[in-house]
């Protein structure tokens, strides 16, 4: 098997930028062969008219879609946060501070798993309150969604505003 | 932008097997153009010596590593099915619909753990039958293993065909 | 004969026909005989009060499972839902209460099916227990011969025909648009839940505070108390208080619980969960008054000394 092909398969499957050491581990080839094969691969891909390129970023290499073809592709990929979890996140942002029990009335008991996921992702914060738990969004929530807000109340207002704008009516 | 390139970018980005309708949504191209471009792309990839292929499985298409290059790719990819579970999966595919108890007679009680793993991965379906459970493969089975089949019976026939091919005789 | 009777008649006729053509199988004969009896009993007492022949037939089939413990897997829920949806689409007017009850029963069957599946899935433990301490290698005495055919090669080959295909694992980051879309979906979902909750509240089953029910319950308690008094002092087995049938047993049992809550009797069971249930009058015999039975004391149930 040509070393270029082994590296091509490795770069394709890993799906993120990797170092020569990562590729060494995967292919069993030595660093010198890898560097030379990577150069050949980059020439081959980048000079052809295909939609994929091999890019070098610092010490890492990645197989990716060429800039001019990136638009149509993204729509089909799975969301990093599953849709159902996102629904729960959006309700927390809109109704915050909101009791977990109130959220469960709105969407059912599945929210408990979602809340755990969102907390693990650092997007929401839990605080014991009455006989339930109060949920609010975090700074990371603001960063993740690129929301123009500095506080929880601004997040809440901002979402309300966006929804009104999107639907052309008050919700 | 040539339609082949747009589809190439889409197939690369999405990772999972997709239908012509999915590609229509992502690319904005019409179904006829998509089908013809997919055919060209498959010819282009599959006849070249590169490590990647475009496979058709039933009504879905996916970009994936060619079988012969799976070794270097496997170390970096996130594979989920252990070898012995794969054996149980192939027996289910070949004998389906098959009773869990029959399978246990063939391979021993370890199959119960395998069956649970395969069910959790969505690769097989369980249905109570007599005093045991009947097992069949799912659509995800077809996609995960890149089998060009649209139904359980086609999967069964495909495995039979592969066995015949491998053993050079009719089984 | 009205529509309902005709429907049940059809079911019974079908069962009788089946019975007639399997005359050489005693087990099946008994089984079908039982089906016929149940169908006849159900003729007068169906859970779904519908005039529609289709709905009644579906309800009757479901009742066989839900109430009579028939095998839930004998019902093909997929076929049912297809037929039912087709009917609803055609219908100009749908009775939501009947539809709701039928869907509830279908759900109940689905639950029974899944319970059954879980129960059957327990088989490995049974197997392992059977062979505990034995070397089961090559131990195929109880194994049915299995026609291996061409697949036998799969047992010994190192190179399997299927391989997990390697594809890119791709996930895209969530955007604000995704979040807003998700909010709209979540809002719709919670609105539906709210509507459903309102509907369920409106058509919920009468609760135990219902006046008519309460009066009826008080009569039952009084009647059972009367029977208790006839026995005099000392422990009384619950079975001896029952006069006839299942319904009476339930009446006696429920009344006994109320009498215990009122502080009038002790109740206990000899060997839970299936042992005999006993009752003994707790208040001094001479001050036992019937009218007390209607006044439920405000005592927490946990504090009532019901177990002797």
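By letter and in written order, the chains are A, B and C; residue numbering begins at 1 in each of them.
The working rule: a residue touches a chain if its C-beta (ideal position, glycine included) is under 8 Å from a C-beta of that chain, and two chains touch if they have at least 3 such contacts.
Remember, predicted model here, so these are calculated numbers, not experimental data.
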In terms of CA centroid distance, which chain is the most far removed from subunit C?
-> A
When B-C and A-C are ranked by contacting C-beta pairs, first place goes to B-C
Averaging C-alpha coordinates per chain, one finds the centres of subunit A and subunit B separated by a number of Å equal to 26
Separation of the C-alpha centres, subunit B versus subunit C, in whole Å, is 40
Per the centroid of Cα atoms for each chain, what is the distance between subunit A and subunit C, given in Å?
-> 45
Which parts of subunit B, given as residue numbers and ranges, touch two or more other chains?
-> 12-16, 65, 70, 73-74, 77
Find every residue in subunit C that makes contact with two or more other chains and list them.
-> 166-170
For subunit C, which residues count as touching subunit A in their complex?
-> 166-176, 178-180, 182-187, 189-190, 193
Residue ranges of subunit A in contact with subunit C within the complex | 9, 12-13, 15, 74, 77-81, 83, 86-91, 93-94, 105-108, 144-147, 159, 162-163, 166-167, 171
Mind pulling up the subunit C residues that touch subunit B in the complex?
-> 73, 113, 116-117, 120-121, 123-124, 127-128, 136, 140, 143-144, 146, 148-151, 153-155, 157, 159-170
Subunit A-facing residues of subunit B, complex | 1-2, 5-6, 8-10, 12-16, 18, 22-23, 25-28, 49-52, 65-66, 68-77
